[in-house]
Amino acid sequence: MHIPDGFLDLSIAAIFYIMSVVVVGYSILKMKKQEVNGALIGIVAAAIFAVQMLNWPIPGGTSAHFVGGALAGILLGPYAGCLAMTLVLVIQGLVFADGGLTALGANVWNMAVVNVFVGYYIYRALEKANKSVAAFAAGWLGITTAAIFTGIEVGFSSSFKYSLLTAVTVMGMWHGVLGIIEGVITAGVVTYIASMRPDIIESKAASPGKVAYGAIAVMIALSPFFAYAAELVGYSEPLENVAEMMGAEEHPIYEGILPDYTVPGLDPYIGTVISAITGVAIVMGIGYGMKRAE
Amino acid sequence: MSGSVTGSAINAIEAESISYTYPDGTTGFRDVSLKIGEGERVAIIGANGSGKSTLLMVLSGLLKPKTGRVRIYGIEPNKKSVEKIRRMVGVVFQDPDDFLFNPTVRDELIYAPLQLDWTAEEIERAVREYSQIFNLHEILHKPPFRLSGGEKKKVEIASVLIARPRILFLDEPTANIDGKARRKIMELLKDFDGTLVLTSHELDVARKLCGRAIIMGMDRKIVAEGDIGLLDDVGLLEDAGVL
Amino acid sequence: MHELIERSIKEASHYFQNFFIHDYGRPGFLHRVDARIKLLGTFLLVVLAVSTFDVTKILAIFTSCLVLAAFSGIGVLKVLKRIWLFTLFSFLIVLPLSISLRFEDVLYVLLFTLRVATSLTAIQILILSTPFNDVVYAMRGLRFPEAFVSGLWLAYRYIILMFTELMRVMLARESRRMTRGSHMEVWRKGGESLGLFFIRTFERAERVQLAMKARGEKVIAFKGSFSKLDKIYIIFMAAVTLWWIVI
């Protein structure tokens, strides 16, 4: 479910970065205030990473991977769970190039915020009735919701030409099915821990701060609309705007050797090619200079 | 407590030029070939980190070797043969906490029998027998997590033996266990009459329980093998890093 | 569970190589550029690559990245080897959109793929020239919260150990399996094994916390002034950006 760079419009990527920073930042503050074992989050993150490496055989011969966002929320509480999943995503991005850099905000939103909080809410809502079913629902719906958000983000992006409906339907259905495995595994883990060390799960139950939960729930619910708004504001190339403002394109202060990126007198296409080659040559020249500098 | 010996001519375990590499790229062991006959009792000796635990995992069919082949009673472990092999082989892990995952000791004991479709009477009889032998009466209804190291080890071994494996693999059976529990475990293992393969860096354990020794060196290959008397060769053991 | 274990080990070997890429090979000049600058520079390259569908701009960035790879000692081939799979996937995902065979649609598919490839290249260059502990120090230097940064390092440092432990727990469970299980059973029993694994994880975290208390460990902030190498890298980035704007 990791979105690579290039699939999202920068406006959408930006809005999800902002929302993710808000929620993750708040989670860090919460952790500090509650004096949660710092080692716990790092090591559980490592454990989740290890678990994500498992290749679960599925009917059909291929394998699926367990994501564990809902589980992180259930075992650590939503804030620590969110943090742990964020750590996993950052490592995946910066060590394994799994998931893009500009897309990191959206990936964190989907897998560290939505997956974790939705999973947590559902578990808490249903656990009194039946822990196993509650855990299954948390795992399954957590993943499906995260997938739907992924679909929304790429669906709204004009960079990704498939329609919103297509993207959401494909992601939703595919993970709706795969999510069953996530649900079954989550249920297995939670029932085992509930029978052996119930204290681990109980302690995450009554956390203060209903307002914060509510706020985050609302953010999650509204985020698709934020995405839509971001898209409306316009997919624009910020640096080109700057260039325009500076008048670099329209009224060059200095005509330059190759004005309007053509060689005067030559057919425009050839001119463009020559400018391109020149540009490349200049860049390469600097590159070579770097190498000599070592 | 017998592993049913049928007197067949097929070796219990055969390994042809096997090697193993860990996921992180380091070598587990290399170039191992051996034959272990039915009823033999073999000690794999080596210093910590000489690859002997991993060798045990491969010989028992749990891990696939990178090169070479393993055969257990002539059968190569693969997708199809795996269940059959698991029923003939018992593995006692070094850390009982890796192994004991059931809610009570009794649950641990009946875990294998339940899979083997024993009748309720057979199961009851076995539980009584093994509680007796391993002295588990008092702790039958306790969670394994709460037991002492020695008790955990006994439960672990009992849970493996109750299914009557023909080959028993043990990884450092007496590690972190001393005193009465240790003596008891040694006694029980002496009485096992199937094929026995254990790893240890404790020479007296090897001498008491086994008749044959395989010595792994620091270069992760077999440096010597033969009669258990090999363990008296101090120079050899020093070279291998065991002493 | 036999399949589960075998497949996971196989994939893990491939995965873990990424932990050790910096143990081998000669470090090029890029290794010595300040990690903070590299982090920002890489982000800049990706932003430039994915903020446009203008073919000349995208090619400009892609070429610049390849130049960087070539002259920094990393090697273009090495980078291409590491990006081709994801690039192919992205290409296949959007390929159906070119079914009309109209010029715009085919161009879109090609440009989309090129954008992805360019971003991947920039990120791979960062990864291949920057050991993760440098990345972590850089984040601290860039004022990321201490809790976040130390959590990040701890997680990274313990991944291999956790995976090894996970495998032991699963092997032990597998050694006691004597019946063929359905997929559902593998998922459930596997889940239970994960339960045991997570309990042990919590216990280990407690032990590590105590050790950290005893040793007073903290991730140290990145100190340092800008060297000549850093300045050249910055100039390179500035030149590329200007070129992108003007082209």
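Should a chain be cited, it is by its letter among A, B and C, assigned in written order, with residues numbered from 1 in that chain.
Following the convention adopted for this analysis, a residue touches a chain if its C-beta (ideal position, glycine included) is under 8 Å from a C-beta of that chain, and two chains touch if they have at least 3 such contacts.
Computed from a prediction, not measured in an experiment: that's the story for all the values here.
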Review point. Are the chains arranged, by touching, as a line, ring, star, complete graph, or other?
Key: complete
Revision key, fill the gap. Two candidates, B-C and A-B; the one with more touching C-beta pairs is B-C
**Study point:** Chain separated most widely from chain C, comparing mean CA positions
**Key:** B
Check your understanding: Approximately how many whole Å separate the CA-defined centres of chain A and chain C?
Key -> 14
Practice item. Go ahead and note the Å separation of the Cα centroids belonging to chain B and chain C. Key: 40
Point to revise | Centre distance in Å when chain A and chain B are each reduced to the mean of their C-alpha atoms | key: 46
Practice item. For chain C, jot down the residues that touch at least 2 other chains. Key: 3, 12, 15, 19, 163, 192, 196
Practice item. Return the residues of chain A touching two or more other chains; collapse runs of consecutive numbers into ranges. Key: 192, 196
Check your understanding: Got the chain B residues that touch at least 2 other chains?
Key -> 101
Check your understanding: Where on chain A does chain C make contact in their complex?
Key -> 4-8, 10, 24-25, 28, 31-32, 37-47, 49-51, 53-59, 63, 75, 83-84, 86-88, 90-91, 93-97, 100-102, 159-162, 181, 184-193, 196-197, 200, 237-240, 242-243, 248-249, 261, 272, 275-276, 279-280, 282-284, 286-291, 293-294
Point to revise | Contact set on chain A toward chain B in their complex | key: 192, 195-196
Check your understanding: Which of the residues in chain C come into contact with chain A in the complex?
Key -> 3-4, 7-8, 10-12, 15, 18-19, 28-29, 32, 42-43, 46-53, 56, 59-60, 63-64, 67-68, 70-73, 82-83, 86, 90, 94, 97, 108, 112, 115-116, 118-120, 123-124, 126-127, 132, 135, 145, 147-148, 150-159, 161-163, 165-166, 183-184, 186-192, 194-199, 201-202, 204-206, 208-209, 212, 228-229, 232-233, 235-236, 239-241, 243-247
Practice item. Spell out the residues on chain B that touch chain C in their complex, using ranges where they run on. Key: 21, 23-25, 57, 60, 62-64, 79, 82-83, 86-87, 89-91, 93, 95, 97-99, 101, 111-112, 115-116, 159, 163
Revision key, fill the gap. Chain A partner, complex, touching residues on chain B are 101, 103, 143, 145
